[in-house]
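The next part holds the structures, each set out as structure tokens.
In the two assemblies presented below, subunit A is common to both, partnered first by subunit B and then by subunit C.
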Partner chain A sequence: MNQQPPSKSRNVGMARSMCWHCQSELTGEYFCERCVKIQPVSKDTDYFTCLGLPRRLTIDPAVLEANYYERSRTFHPDFYLNKTEAERAISLANAATLNTAYRTLKDPVQRAEYLLDLEAGAVKTIRTSPPDDLFEEILELQEMLDTYRAEPPASEQNQQLLARLQHKRESLERRQQELEQELPQLFAEWDALQDQTPEDDQSRLERDRVLKRMREILSNRTYIKNILNDLIDSIG
Partner chain B sequence: MARIVGIDLGTTNSLIAYMNNGVPCVIPGPDGRTMVPSVVALTQQGLVVGDEAKAHLIRNPSRTIYSIKRFMGKALADVQEELAYFPYTLTEQGGVIRIQLNGKTYSPPQISAMILKELKQRAEAYLQEEITKAVITVPAYFNDSQRQATKDAGLIAGLDVLRIINEPTAASLAYGLQQKTQGMIAVYDFGGGTFDISILKLKNGIFEVLATNGDTHLGGDDIDRRIADWLLDDIHSTYGLDLRSYPDHMQALRLEAERAKIRLSDEVKTSLSLDLPNGRGRFTRELTRSHLESLVADIIERTLTPCRAALKDARLTADQIDEVVLVGGSTRMPLVRRRVQELFGKEPHCHLNPDEVVALGAAIQADILSGGTTDMLLLDVTPLSLGIETMGGVMSCLIPRNTTIPASAKELFTTYVDGQTGVDIHILQGERELAKDNRSLARFRLKVPPLPAGVPRIEVTFLIDANGILHVTAKDVRTGQQHSIDVKPSYGLSEAEVERMIEESFKFANEDVASRKLIEARLDAGSLLSATEKALAQGGHLVTEEVLTAIRTAAAALAQAKEGDSVQAIRTHMANLEQVAQALSIALMEDSLKQGLEGKRLSDIT
Partner chain C sequence: MAYSDKVIDHFNNPRNMGSFGKDEEGVGTGMVGAPECGDVMKLQIKVQDNRIVDAKFKTFGCGSAIASSSLATEWLKGKTLEEAQQIKNTDIVQELNLPPVKIHCSVLAEDAIKAALADYQKKAAAKTSSGSSQ
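For the complex of A and B:
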């Protein structure tokens, strides 16, 4: 019963895929050169490739936007209304993928998270305990918040607490900014390593270090952001 | 490709436009007016729409439907607090509001379809061709149910709705085409029933919406109500009279309030007057612009909060906005212009007619879809976050608000119990944390093969298309098989219901034509009968008794047929009567000739 049907022989070495419509070998990027049908963006295409960019973390926003607009003109469903249903479906899916790619790469934090995911897989692990250097501060904040929530909002004690919580909020926001400011430097380091060939042990170690630091920054940032959201919800 | 028209289906007025050699034009009616009041009345002569229906608002308040857009995609509970303002009867069935008219019930899409049909016929008469494809505009802040309801209305009206487009973005297309603008623009759209704000970036023909916000239940209607409430209080304290129990007077009051508001955009004071019931005479009050402004200041303030939220979401400050565009009739109010100018720190644009600009933009989008305009592209966003309900009644967000559409998200589902055969999925739209505080869009049960817990892997794709409408598909990851899913909308008509309404609409159209023909035949029979009576009285002595009897028999038969419902019978008896009465008419003619000639010389008549 559990016997798997013999998998269809897949030509593993095939470098080019086929057009879904005329079955000819694909040479064009988005369209089949023979029947001029739009081709689906492959599931394996990463967001950088999707937007015509090398896999680098430093991105010129103007280039990103120009490439996005150009591809939108290629894929948008507005231009496929009188095409076949299959072509309309492809254009819709491609446009949706393109929009996700653009949204992800436009924001430096999301871009870095995405790259980490590509390079090391499933790294969006959410920190459950505070970063070491913030441990004391977070603990104190939690206690203050507990007291604040327990007391009537207008009480004198709470008015004082509110001022202190505001102060905490500013300090955490500063901390979040500091973390984000560290990213461009790491982006540059990462990009430089990519351009270095051939890869040696030294560069591999460097590469791991940069990835590790980026992951640290991102997870600390997410942690602080969640604490901040909680804080803002409580004090308004 | 067949022509695609652009339709602005408004709360108060609707318009239809088309692209004429690269220039968008609104199609006027036979009277030259471009706006069709969004009013539908059930009269003794059948359904009437537009200006004609508006005349019935006071005469026939319980059978005249206006502002139907406020009820699109809504349940009765959503509109509870404003029911008192509407003289027609609303009920609910299957999460959809129904309007009762003469013992029949109509859903809001059916009423909207009647307005759409009127527009369609107007365009067909003007362009001398059949119209079957359209782009219809909706407020940007419309949720999925409201958009779907609009699409349903189009289907019921016999229109293939190729695109649902947001009103402020449509307006930006019309402005962009005119101005060749580049940069950041804010479109402030304050209409009869809804408010929208959209922030766009215009660059090389791309119209990219960065953020949108609004309130689908805030518009000129609310301003009219404020004036009406003020008058009601006044009448109550002066006469001890509660006008609320007189639907026809309430309508007259509402219309008078609306007219006064419009006048006060140009004048600094105006006077309102109204006939009171039970012969209490006429009530007159003066209203100044500044008094009106104090009455409605908070309503205008309520539009500014979404503006600030949209700016924040677009990550812009007010001074980064290059141009502000005003859309919608309510932006004619000087107070609105002043507050908008204060917020953005620049004088807003209003050189295009704010009533027509949305329809013009819809025509441009229609032209883009038909391949006419190729250099412009609109990249719009979804106004509300989309998510699903998770453990503990919390909403888990899949597609955040202001995401460019088309947008998609995938979610993997599995089972918690061995042999479990289904997973319930509840789709939500909104910004609140708890599922119950957001709009429920749909529920469905995902079918899962009975396997040990955690083994099934079903990937569900949530796709918001370019209309802002959600599509859900599911795939079994292990087998690669597509799953069919039956999504039950929480506040919408089911597909079967829409089908039935389309059929009914055809039937109704036929019935409509049939009843019009019957009315016409009866009228014709009536005038033939009275003409025959007259002829008999004048010339009965000129024909034989036989002819007289034949005429009287035929006339009696026609009079009987006229009371029946058969157009055919009436027409046959009319022909018969005309035939037998021919001898009488000839005799009468000869007689009158003879009389005319009497006493005249031959030379006088030749």
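For the complex of A and C:
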């Protein structure tokens, strides 16, 4: 084992690591060039890198899919059935990581959530304030639902309530759609900021604004989604 | 995961559920939410002579969130504003035996208390300053 002081071995770890099998320095992406063994996807590898994409929010679905299939073929556990147990385990773990990465990046909302997680260091200090009007609406709706559930479904009062709840449901669904429609524009703004160098104060402010707005949209969307689920459960 | 008996008790018999009018005399309102799970909590205090004489809550969320806010209103009643400021989420965790995955519910309750206190103090300050300028 190496006897280097901890600080130095950490640097080594951050550079390219060694092949788990033959210990030669790795140059290939997922295979050792010398012994041709499959290499585990590092835990530090983000989903964008994992799928061979730059860390951008606007993604061409065709490219995402093509990269996913290509890597799936590379890692698929079926191709490792005759290999050693270690190699089988690596291919399985890689395939699982790849699937999660693909599922996450495929859906724009999950993709944005994931990016916000990656940028968490920057966003943590930005706390979005909850929108009071939305909260009041949710609590009011929750009370209407309680009344609705407590009454016999066929009563006249409940028929009226049902009509109001259906109306609310439509308006919340519209609101959710409006929020989601705002995302592509924010994605484009974020990507443009990433391409901009060097980073100055102005672009840092812009960056925070875009991240904060994305956080707001995703949070409000979750609140609305939860109350909508409850609504749909109760009124069908 | 099972809820503790205390959580179930607060969930089945929530204390002080309801609300005060927002602009009622001496009322402070705290409204907070957890974006991760979509829980929404509204907690209100009614203050007379620097002491909380009544508290109410409305929570839309899981059992632990409801129990945390219910317990918070119980604790708030009778406390001075300074004492109320001292309530920590860890006290709630301990009292309700919340498991690690539900700690954020107690954090939400503490945030709601702080928000309600801040809202009351803001309103009180606005009242004195407008009173003195007249």
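Note that the second predicted complex is superposed on the first by the 207 of 236 C-alpha atoms of A that agree within 3 Å, B and C clash if a C-alpha of one lies under 4 Å from a C-alpha of the other, contacts with A are read in each partner's own complex, and residues count from 1 in each chain.
Note that in this section a residue touches a chain if its C-beta (ideal position, glycine included) is under 8 Å from a C-beta of that chain, and two chains touch if they have at least 3 such contacts.
On a predicted model such as this, the values are computed, not experimentally measured, just so you know.
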First, second, both or neither for A:D78, with subunit B first and subunit C second: first
Which superposed partner A:L205 touches (first subunit B, second subunit C, both, neither): neither
Which superposed partner A:R103 touches (first subunit B, second subunit C, both, neither): first
First, second, both or neither for A:I227, with subunit B first and subunit C second: second
Which superposed partner A:L92 touches (first subunit B, second subunit C, both, neither): first
Partner chain(s) touched by A:F135 [first = subunit B, second = subunit C, both, neither]: second
Contacts of A:R215 with subunit B and subunit C, given as first, second, both or neither: second
Overlap of subunit C and subunit B interfaces on subunit A (superposed complexes): none
Subunit A partner contacts - residues on subunit C that touch it in the complex: 31-33, 35-40, 42, 58, 60
Subunit C contact footprint on subunit A (complex, rising order): 128, 130, 132, 135-136, 138-139, 142-143, 215, 218-219, 222-223, 225-227
Subunit B residues within the subunit A interface of the complex: 1, 162-163, 203-204, 206, 208, 368-371, 374, 377-379, 403-408, 463, 465-466
Residues on subunit A engaged by subunit B in the complex (per definition of touch): 65, 69, 72-73, 76-79, 81-82, 92-93, 95-97, 99-100, 102-103
